[in-house]
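A, B, C, D and E label the chains in the order they appear, each numbered from 1.
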Amino acid sequence: MDVNALAFYVFAAITILASLGVVGQRNPMYSVMLLITSFGALAGLYVLLDAPFTAVTQIIIYAGAIMVLFLFVVMLLNVPREEPGLPGVLGALGTRGMQIGAVLSLVLGIEIVWALSRVGLGWFGQDAAATSVSSVTLIGKSLFTRHAFAFEATSILILVAMVGAVVIARRER
Amino acid sequence: MVMLPLIPLLPFLGFVVNAFVGRRLSKALSGGIACATILASFGLSVAAVWTVVSSHQAIEQTAFHWIASGELSIPFSFRLDSLSSVMILVITGIGSLIHIYSIGYMHEEPDGEYARYFSYLNLFAAFMLVLVLGASFPVMFVGWEGVGLCSYLLIGFWFRKPAAADAGKKAFVVNRIGDFGFILGMLILFVTFGTLDIQAVAAAAASTYAAETAGIGVITAATLLLFLGATGKSAQIPLYVWLPDAMEGPTPVSALIHAATMVTAGVYMIGRCAVLFSLAPVTLAVVAAIGTATALMAGTIGLVQNDIKRVLAYSTVSQLGYMFLAMGVGAYAAGIFHLYTHAFFKALLFLGSGAVIHALAGEQDLRNMGGLKKHLPITYWTFLIGALAIAGVPLLSGFFSKDEILWRTYTAHWPTFHSLLYGIGMLTAFLTATYMFRLVFLAFHGERRGDAHHGEHHAAGAHGHGLHDAPPSMAFALIVLAIGSIFAGYIGVPHALGGSNWIETFLHPAFLAPGAPHEAAAVHGDARTELLLMGLSAGLAFAGIGTAIYFWLRNPAAADAWSRRFGVLYRVLSNKYYVDEIYDASIVQPIKIISTGGLWKGVDAGGIDGAVNGVGFGVRTASGALRRLQTGSIRTYAASLFLGAVLVLGYYLYR
Amino acid sequence: MIPLNYYLILSGILFAIGTAGIFLRRNLITMLLSVEIMLNAVNLTFVAVGRYRGTVDGQIITFFVMTVAAAEAAVGLALVISLFRHRETLSPDAFTALKW
Amino acid sequence: MMLSLIVFLPLAGALLVLLAGGRGDRVDRDPLVRNIALAFSLATFAATLWLWWRFDPASADYQFIEQYSWIPAFGIQYFIGVDGISLFLLVLTGFLTPLALLSSWEVHKSVKNFAFFVLALETAMLGVFVSIDLFLFYVFWDAMLIPMYFLIGIWGYERRVYAAVKFILYTMAGSVLMLIAIIGLAWAHAGVTGAPSFNLMELYDVGLSPRAEFWMFLAFALAFAIKVPVFPFHTWLPDAHVEAPTAGSVILAGVMLKMGTYGLLRFAFPLFPTAALYFAPWLGLLAVIGILYGALVAMVQPDLKKLVAYSSVSHLGFVVLGLAATNIQGMQGAVYQMLNHGVSTGGLFMIVGMLSDRRHTRLISEFGGLKAVMPRFVAAFLVITLASIALPLTNGFIGEFLILIGAYKWNVTLTAAAASGVILSAVYMLWMFQRVNYGPVTNDKNRALPDLTPREWAMMVPTVAMCLFMGVFPNVFLKPMEPSINKVIDRVHSREGAVVKAPPASRIPEPATREAAAHD
Amino acid sequence: MTEYAAIIPITILALSAIAAMVAEAIRRPGERMPMAGFGIIGSAGAALASIFLWDTDAQSFGVIRSDNFALFINIVLCIVGVLTMLFSHETVERDEIPAGEYYALTLFALCGMMMMAAATDLLVIFVALEILSLAVYVLTGIRRGSAASAEAGFKYFLLGAFSSAFFLYGVAFAFALSGSTRIEEISGAFSSDGSAPPTLALMAVGLLAVGFCFKISAVPFHMWTPDAYEGAPTLVTAFMSTGVKAAAFAAFARVFLSPLEPLQDQWIPLLSAIAVVTMILGTVVGVVQTNIKRMLAYSSIAHAGYLMLGIIAANSTGKAAILFYLLTYAISNLGALGIVALLGSAQQQHDELRDFAGLWKSRPALAALMTVFLLSLGGFPPMAGFIGKWYIFSAAVQEGHYWLAIIAVLTSVVSVFFYLRIVVMMYMTEGTEVVRPRLPATAVAGLALATIAVFYLGVLPTRVIDLALASISTIF
């Protein structure tokens, strides 16, 4: 059993466990932390997938920026642990919602896994064959040629997000 | 050459004038117009009939083309042959007299009503003439329904009286039942022969069909349906119920419409379709049976009625029964002959009773009359003549016609059946004499019982100062009719009495298919038997009169005694066999109940509309239920979205 | 060598976990986190496929997804804040004024 | 061009009325508005008479044809014309609208809009009768509902909203299915010729499979049956009639109901002859049930308007029976009966309107003895009543007689049953007439009722005159319509022999071929 | 230069949006500025550009294809934009909505919509989708004062994010299958020989369908719609109910009718089922609503169902019908919701059914116009809606989808019932006299335009129908 495999299993385990932690965790603070962990593990998987650059961005942007934003908000609103479901109808609804949702998620998981396993292992004919995709140059080229428009479009996206965030979160004058 | 259309048109014009400007005219003027028009039309009729008689030709004229659709083509055409000649003379002649009579009788009415009355009367005359002159079934039907309308209007003339209004409606509706048969009959004939012209139908039928001795063939069906129409119009079982009620109308109306003319339309119609009926023995048998039964039934009822007009009404029904009997045994001429004589004496009787009522300020109950002889001499004597005539006392008009019928019945084939009919006929003759003279004695003899307190508004003027006999206009009519009642019969003196029975030979061609050989109607039996039977019936007439004398003149106590002894029978008769009640309970009420409870409230509101609104309600309920899914909880929303996704994937994976 | 499917299955599982988060947590912020998990699961698919297809598109898409995730996070958190201003709570069940 | 002018003349009037009415509800403008509306409706009537005058009675074809391409991509045209069948329905519409306006002269609630809706309605109705293009027909058919909806809903009586909504939904539910059938027909045409078409002339020649005919006829028939209304689909009618203002009732009974029967005659029968012959007996049966049912229910109605409404169900049963007979007398009688019913029932509703104008009630029990109070009114009432119970020499008789003849040639049993309607009609009409007009004046409120006003004379005289004229000189009308009707009959019987089996209710056949649907 | 031709409309909108922001930035507090002007100019400019681009089939960067299909949608979107702006002027200030941001976001949203309609790359579609979604989320929650607005915004946002994750996953599977996100390259992979389609393909189809169905608010992905429509400021409701639908359907059609077209037999049953439940639920639940915005939300769900018939029919008629229907729906719905918005006031939205009682008396003209728009939505001739409905149904019938068509027409009858409820309120119910604000001139202009359009499309649709037919030739 070679290193790659071992690494894969380790990272996969971490990711899954961490994610489970995120959704199983009452305290949003911990959730965020755990999520960062799982992202770290994902970054590891990216490395295994010969995508170091992506791995780095994953760490820097995702774990570094976005998650910090979350953390910031959690702090700001300062709600240490979520309050138990309201009593009465809504509460009951909530719990039933939970059950339904959990069941559905399970079903979905099974569906996807089953479907993908149905796809078959050697489905790409040759495995691990292809040319290296780790080169940042390639990525850069492709990003600014093939995906130039999408790239430009994201600028609008971000602009919208900014304006939106401002207009919503801004206190009343 | 006279214009046939003018004959009905003139009274119609009278109607138009009186209907539109009548209320602005004086009584004299509107009454005058009415009489003038009908008299004029009488003159025309005489002229027309003269041409027919002299030329031995039927006149046929087309006013305009009425309906055309595909192969169906109905010209609005009139036909004057021997049969219709008799009819139009009766209608216009007696009609004129009754118009004149009315001038006096209706005099107390306010101007407007007076004009309205005469307009209706004219309209009736017009329609009646259309009926008898119509050359095709639809045109005849125009008159047929038209007279029905007029009778409706005239019966309900005093519309403020609910009874009158009811009677009018009843008359119309019952007639409608008959018309239903008439229409179907027409349909059958049209579909069978492709035409509705009476002559054409007759010709086609005679040429293509043999007599349907066995089973119900097309002709039989058609004639039976037509006969249903006749029973409605001519008040035969089962549709006679409207006629007695019709007495709610003014008495001259009863005389004209419900005695002399309209009610005989059924008889006329059968005569008109004689060719067809002859081809359907079954129908003829039915006609005869119904006629006889009606005659007897009405006679018995007439025996115990106390309303002077109702007695006459039932006697009319009974006499009509005679006519149908005649038709049924194929003695068309005899039937028409009786129709013609009956028109005289029955009109006379009604007008006489009218004079009585008029004098008594609207009193109609025999029990409150009596001893009027000395007060109303003219009325009394004329009335007496009428009574004698109808009773069949020899040498008066009624005698000849009635005897002709009985004789033909006796001599007709199907021995047993016809002898039965004959027997009943004789019995009825006896009854007729009895109740007529009961009427005479109760009304005119003895001394006055009770006084007219509850009077009809229209005669209020007559109240107060003592009884006065008929005013001139009325007296004139009475006298003319009395003369008619005596001599009218002499156009039909049977061979047995050395007469030529001219009417028979005159009418005969009208009952044959066009172009058929004119052989005289075969009469079985010999002159001696005929004379014998004549004597017998005459005897019966006198017997009837005798009975009447015994019970109601000599010792009235006996009458009451008998009526008490046969209490049940008496009650049944005086309640007219409860027929009205039976009809009401068995037909009218059920229909009302079913319509209200079953159809309207049940099927309509409950069933259909219930279903419709049910759909609406269902949608609303579903809506109310489904909107609850929208709990407002974001989790539910996500769940539904998620569920959708899972289902979609599942659909793809597990298919 | 790890076959592609393992990665795909892994991402599938992550995706499912993310969806579960939406329902299990009674806290708006954690719900957002769950969405992030889902997005990352998809990212993993892209990268893996790209790797096996020998194309960098997979990674590039990942970048875009990250951007989108960032934008969503910004707006989402803003909305969370304004909600919190109105109701002083983060429980999703508290916001059911609009229904039926 | 002329025909279009006639069709849209009322609409022009409607718009003008809106302008003349001014902003808001200016009561001072009401007389002006009324007169403009009346003038336009009279002009329209004159124009329809002009059509009749110029109409060539000998020809069976459409005349005054106007044909412009409208939506060429789908073979939809603005294609209108008049033939012997539609001619008199146009005249009828033109005849009744002014009377309707007169009958609601006393409306004071927003006269402007009232007149607007009536005139708009008239245009829609005229449009329905002249359309030869099915799409155009449907447009008018549906557009018609809106003004009627408002007339009932705004100017109606107590339960007007319920009645209005019921009316519009009920009618729509039927007609939308017809829309589907129309579209299917167009694509069927495309399947044959490659291009869809809504032109009636061309659609005649689409050789549909019996199954397709079966379903499409059902769709058409349902729409029309609801409009007529044929027996089980009639329950919207009493409500609509009772709640509608007089003008609404007059137009509804006078013209709108005819569209159902007109549709059967013009579209359902000739388009789907095989199915038509297959369904004719059932249609006839329903018709007869309707005749008796309507009459029986009418008999026991306490409300005058309801009574007349149910009598309409009965009368239109005759019309449908005549159509089902598909022979010349039957169909001609049917068309003639449409006209009669328009005149006489329209008249009856005007009468009821006059009564409720005076007494603000329509309960029979409220009246009685009116003959003593308002004799002229009652005289008119009488004639119209007689017309509606089909007394000879009134219009009603001609229609029913022809229908019965035609029906008898086709089916004896049904005819016999139908003929008994003759009795019932007399019963309920006369009973009503008697309770309202005869007997003593029971209700003091009735003692001082005024007789006909000049305006009401203007309504009654033409109506009564028409009742009698049509009864005495029917050929004036029968002759011009005969050729067109013969044409329809020939078409219906052209495909005799082909028998329809009821298909399994599974899926409806696909008229459109795949390549017609091929996308580029 | 031609390289950039295809994105000119998008660029114009983006620039005008930025202009609006700048203006907002430089305007002194309290100073009034005709912000709507930017929007109108921008939309008009984009429309103009689209018209110039007509028939050029310009393509940019290989991912934006301004073929006539996209351009038609562009024009619809521009109409939506112009009308929204016309109604917004003064109304926005009245409701104390931050004007600059409002216009900017609206324009950005429009920009994203056009992008989405023209994109031929799943990735770009995704980005565009996010642009317009984020903008609309924010617009929904933009009334900071109202809790309802915020709640609506968040619900819409969270579900949107959730669903876009699904969509993205679908893209991922498509990518996995073909190694690309470009439509033309994908289609090769999907149109593999007649053998059973690979599981991944099916997964992709399913997940993409989920994503689109959420955006067009088809059942069971519709749940956000009523809440979002009710909570959002009325004008935003009008905007998103029409614009988002148009864009989403454009992309929906483009994706399902070109690359996924080979899998027709796989997705037609699926979409048919969804369409049926959508039509039924939309109309049925609409019946009992008492809030007009909510009622129209359900009606828009139903209309989504009708529109899906066009995709299901999957023939040229269907494609053209979608375009035409979107146009008629946009105009009618904007008109109706526009009137609702105009009747509101700063304090009170007046969007409850009872608020319309007696409108006929107090505002006859508005009532009449409202009626026109509602009847158009209900599909009555001679309004535009009728032609739209007829068009879409005839597409379905052409393919023999009779049952779908029948369900559609029957549900449309039901829908008429609740449209008429409003009419009944306005005309047949005596109303308590609420104070009605005066109409800004721009709004009057907008209503006039909408009315004219409704009748033009209803009576003389020929031109536009031919245009629509001409626009579909290029979605391969």
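Of note:
Keep this in mind: a contact is a pair of C-beta atoms (placed from the backbone, for glycine too) under 8 Å apart; a residue touches a chain by one contact, two chains touch by 3 or more.
Quantities reported herein were computed from a predicted structural model and do not represent experimental measurements.
Looking at chain D and chain E, the chains in contact with each of them are B. Central chain (C-alpha centroid nearest the global protein C-alpha centroid): D. Among the other chains, the CA centroid farthest from that of chain E is the one of B. For the pairs B-E and C-E, the count of C-beta pairs in contact is higher at C-E. The chain with its Cα centre farthest from the Cα centre of chain A is B. Centre-to-centre spacing of chain A and chain D amounts to 69 Å, using the average Cα coordinate of each chain.
Chain B and chain C, compared by their mean Cα positions, are separated by 97 Å.
With each centre defined as the average position of its C-alpha atoms, the distance from chain A to chain C rounds to 5 Å. With each centre defined as the average position of its C-alpha atoms, the distance from chain A to chain B rounds to 103 Å. Of all residues in chain E, those that touch two or more other chains are 123, 127, 130, 134, 137-138, 141, 144, 150, 153-155, 158, 162, 199, 203, 226-227, 417.
Multi-chain contact residues of chain A, defined as those touching 2 or more other chains: 90, 93-94, 97-98, 100-101, 104-105, 108, 112, 115-116, 118-119, 146-147, 150, 154, 157, 160-161, 164, 166, 168. Residues of chain D found to touch two or more other chains are absent. This structure has the following touching chain pairs: A-B, A-C, A-E, B-C, B-D, B-E, C-E, D-E. Those residues of chain E that touch chain A in the complex are listed here as 7, 14, 18, 21, 60-64, 98, 101, 104-105, 108, 111-112, 115, 121, 123-124, 127-128, 130-131, 134-135, 137-138, 141-142, 144-145, 150, 153, 198-200, 203. For chain C in complex with chain A, the touching residues are 1-10, 12-27, 29-30, 32-34, 36-37, 40, 43-44, 47-48, 50-60, 62-64, 66-75, 77-82, 84, 89-91, 93-94, 96. Chain C makes touch with chain E in their complex at residues 8, 15, 18-19, 22, 28, 31-32, 35, 38-39, 41-42, 45-46, 49, 53, 55, 57-58, 61, 64-65, 68, 71-72, 75-76, 79-80, 82-83, 85-87, 95, 97-99.
Against chain E, in their complex, chain B makes its touches with residues 619-620, 622-624, 626-627, 629-630, 632, 634, 636-638, 640-645, 648-649, 651-653.
If you check the complex, the residues on chain D that touch chain B are 166, 170, 232, 234-236, 238, 293, 296-297, 299-301, 327-329, 332-333, 369, 371-372, 375, 386, 391-393, 397-398, 401-402, 404-405, 408-409, 415-416, 419-420, 422-423, 426-427, 430-431, 434, 437-440, 472-475, 478-479, 482.
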